[in-house]
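Given below, in the form of structure tokens, are the structures.
Paired with chain B in one complex and with chain C in the other, chain A is shared by the two complexes that follow.
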Partner chain A sequence: MTSTRLALEHVTYHYPATAAPALADVSLELHGGEVVGVIGSVGAGASTLLLVAAELAPRVLGGTRSGAVRCDGRSALLLPTPWTQVSGMAVSVWDEVAFGPANLGWPRDRISSAVDRALTRVDVAQLRDRDPGTLSGGELQRVILAGILAMEPEVLLLDEPTAELDPAGARFVWDLLRALARAGTAVLVATSDLDALPGAADRVVWLAGGRVRAAGAARVVLGDAALWSDDGPGSTSAAGAWRLAGLPTPLPLTVADVLARLP
Partner chain B sequence: MTVTETLRLEHVSFTYAGRPALDDVSFALAAGTRTALIGHNGAGKSTLMRLVTGLLRPAAGTVWVGDWIAGDRRPEELARRVGSLFQHADQQLFARTVHEDVAFGPRAIGVPEPELATRVTRALAALDLEAVADQHPYDLPPPARKLAALAGALALEPALLLLDEPTAGLDRRARARVTQALAERAAAGAALLVITHDLGFATETLDRALVLERGRLVGDAPLADLLTAGVGLAPWGLAAPPLAELSAALRLPGRPLRERDVARALAERCRP
Partner chain C sequence: MRFTLLGTVILTAAPFWLFLFLLHGVTGMVATGLRLTTMIASFLWLGAALPPPRLVEAMVAAGWPVTAAFLLSATLSAVPKLRERAVRIADAQRCRGLRTRGGPLVRLAALRAIALPLVLSALHEVDERALALETRGLAHGVRRTPLAPPPDRPVERLARWGLLVACVAALVWRFA
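What follows is the complex of A and B.
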């Protein structure tokens, strides 16, 4: 068993001046070497879960939290709005990616090699001299991700990391997250790209109304017919078509699953 | 040009400080048509959007919005004809409540009461935002903020809806709402031009595809042809959505692409 990198224990969180909790009694463990997907309808609490796990809530955002958050190692969070995560202080992509490591007080050559490695890893080395202000949304999302990887986090928290990316770019990021997990990183990723999860996630946590509705092996949770209830986010495209066709459960999740089920 | 064309680009080029972003792009959209604008990150899609909304002027060529030349009009004037949703919709919201934000656009272009109230109500209902109408837009999660900004564009009831990634981060139900709301606007005569990487959503909502690659228009075809003709999508950063893959793998008759049609064909296939 790999080490527990992040643990939330009975966490309840309220944003400032709100009566209803955004998270209610949420417990979860994240281990090195695994990718865990967080799914839910808009407003179900997935983004909040990441903000709490990163200890930005309540520390920066205010509000109140009960329960415990334990993180073993350095964590870093990719926000769903990359344009709000640019330092605004860098004249080049290289400098932007160096911003995080520089703030960790690393020696110059360690920063330099970490930045070069991260740029290559996220496949944006060709953008290194560009002004971050001139990048497209998708390019910026990858540059911000490079900046996060350059800090060499043990716990990687990502909120909709593929929302701005074209399908090839999205597949690249999912493959990258798998590779990082293989190298020991613990990855927690909130996503609405449910079609990516059967291949990309080991486990899935389904949040509804701020509570954990289901958690477990990715294929088990994604195959749960309850995901199609009113407060559920649904599941993969293949499962959706199968269900709409009125065909028997369990729901197949991928094209390959459907092919295996049909005579 | 004919008056039925809502948008026409004629040999449009644009350059950012020596870096060409759009190169000799020409196409036209008729009223009531539904078009996806697709291509790699950095292909020039958002630049095109800024030209049509009057935030940039073309270096060469002409952008016609109806019988207006976009480059000769101020953005607030163009808003009478073009409702837009920018990629960074966060930066598009500024009122204290979602309701106020949605009302801002139509009020600014002079829509009188009670028509204004009707439009706002209709736009909020179309996207299932009534429950958050009195909330501050920034108290909403980012995907819901994008929906609020989209409601503002819908409430303009413009001739052209120009949307950049309207479904980023949205769940299935919200996506279906967006599809339905856009279908209604198109049925009412609006031309839709939607920048999207979400080809599943595009398949459900749109029927024509324009493909931009490094600033050039390299494809203009029915979306279904693009997804079924085995045209290599990969060079454009695209992949067929799972249902298109499923339809092809099962050789479903007529190669259906939309969920409802794929489900019907699946049910047919499994009938004893």
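What follows is the complex of A and C.
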């Protein structure tokens, strides 16, 4: 783990024309080389946290923010719906992935190598000549992710990156995020794929009502019984099954944990 | 139903010719209608011949800001995209029992059931698309690198300058 890449200090954010804050007094540090998961029920503020971290709120969305956001390096945000992120200015997947790097004004050689590397890394090199409009949701999700990675961000922000993917595709993306973190990228990911977090995230932040309800090591936060309260998102499937069976705490988080605990 | 470029030009220009005839008679209709039809045909021909992504590349290579090029491209591609979306919404509404075929009243009721989600979903998408374009560096303030702009031969550049000079000369001749 390296230096602090992203820091939110006592951030409170209101969307335009709303009285209640979407985020309230949120502080968070993200370091290079770590994956931090953001979890919470619907409306807890996880997506808003990413928009504020990407400095799109309030700059693009409007509203008001107090507190400070500091980002050391280039950040890029993957939004949850891939079809709204298509540039509309590309006739091929290669062009689509090159859209971001071209906007950064890079020389063509650098764009070309960054795009080829991103396509290979996300395992969509075979789609390079396809029209983006003909891709399935899962293919498009990967292509948009490749477009974000091609911009070589130091801070990678992802909102439900596995929403459109099948289980194998989701596992691929989680492995990719770990590999990116090993290479020094700081990764902040909002997800409802809680089963993936024990293996993929170093730390987890639990948001409830726009506030940080708990933050810490992934296994500690995901093992917190309070996650099963009314405003909690629950935890992993293994923990849920263990809890339903009325077995003693601490809750196991993965199938491997369950097997290790069974007599 | 698919129209040829010529058919689209005629269909677009026809109402103007009708109004011009009612307002100015045959002479005025022909004089102004031909100019209007030329403008419409030029615009539609540009849209049909050059895919919007290529237009953006050409404009960026010619030194236009990428945001201006994107705005023009998005305008040109808005109608086909809205048409695709309307077809999807109509299919979805039919799956939920909406009748879209029948008399004028039935079609009018169907239109309302399609237009409202069409407009609302388009407005919703505008916000998300703005965020996505922003995070992918569109408004980064840096000059975009043109990836594969259409070739711009010296003879084409010369022809453009020639047309510009001809326009200025025509204006001078007209108002002198």
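Everything below uses one rule, namely that the second predicted complex is superposed on the first by the 262 of 263 C-alpha atoms of A that agree within 3 Å, B and C clash if a C-alpha of one lies under 4 Å from a C-alpha of the other, contacts with A are read in each partner's own complex, and residues count from 1 in each chain.
One rule holds for everything that comes next: contacts are C-beta pairs under 8 Å (C-beta built on N, C-alpha and C of every residue); 3 or more make two chains touch, one makes a residue touch a chain.
This is a predicted model, so every value here is computed, not measured.
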{"item": "Fit or clash between chain C and chain B when superposed on chain A", "value": "clash"}
{"item": "First (chain B), second (chain C), both or neither touched by A:A54", "value": "second"}
{"item": "Which superposed partner A:R219 touches (first chain B, second chain C, both, neither)", "value": "neither"}
{"item": "Touching partner for A:T84 - first (chain B), second (chain C), both, neither", "value": "both"}
{"item": "Chain B versus chain C as contact partner of A:A238, first or second or both or neither", "value": "first"}
{"item": "Partner chain in contact with A:P107 - chain B first, chain C second, else both or neither", "value": "second"}
{"item": "Which superposed partner A:S41 touches (first chain B, second chain C, both, neither)", "value": "first"}
{"item": "First (chain B), second (chain C), both or neither touched by A:M151", "value": "second"}
{"item": "In the superposition, chain B vs chain C on chain A residues touched", "value": "B"}
{"item": "Part of chain C, among the options 95-103, 131-139 or 167-175, whose backbone runs into chain B after overlay", "value": "95-103"}
{"item": "Residues of chain A that lie at the interface with chain B and also at the interface with chain C", "value": "81, 84"}
{"item": "Chain B contact footprint on chain A (complex, rising order)", "value": "15, 18, 40-43, 47, 80-81, 83-84, 134-139, 142, 160, 163-171, 192, 194-195, 233-234, 236-238, 240-247, 254-255, 258-259, 262"}
{"item": "Complex contact set, residues of chain B against chain A", "value": "16-17, 19, 39-43, 45-46, 87-88, 90-91, 139-144, 147, 165, 168-174, 197, 199-200, 234, 237-239, 241-243, 245-246, 249-250, 259-260, 262-264, 266-267, 269-270"}
{"item": "Residues of chain A that touch chain C when the two form their complex", "value": "51, 54, 56, 60-61, 76-77, 79, 81, 84-85, 87-91, 95, 98-108, 111, 147-148, 151"}
{"item": "Partner chain A, residues of chain C touching it in the complex", "value": "51-54, 56, 66, 70, 73-74, 77, 81, 125, 127-138, 140, 142-148"}
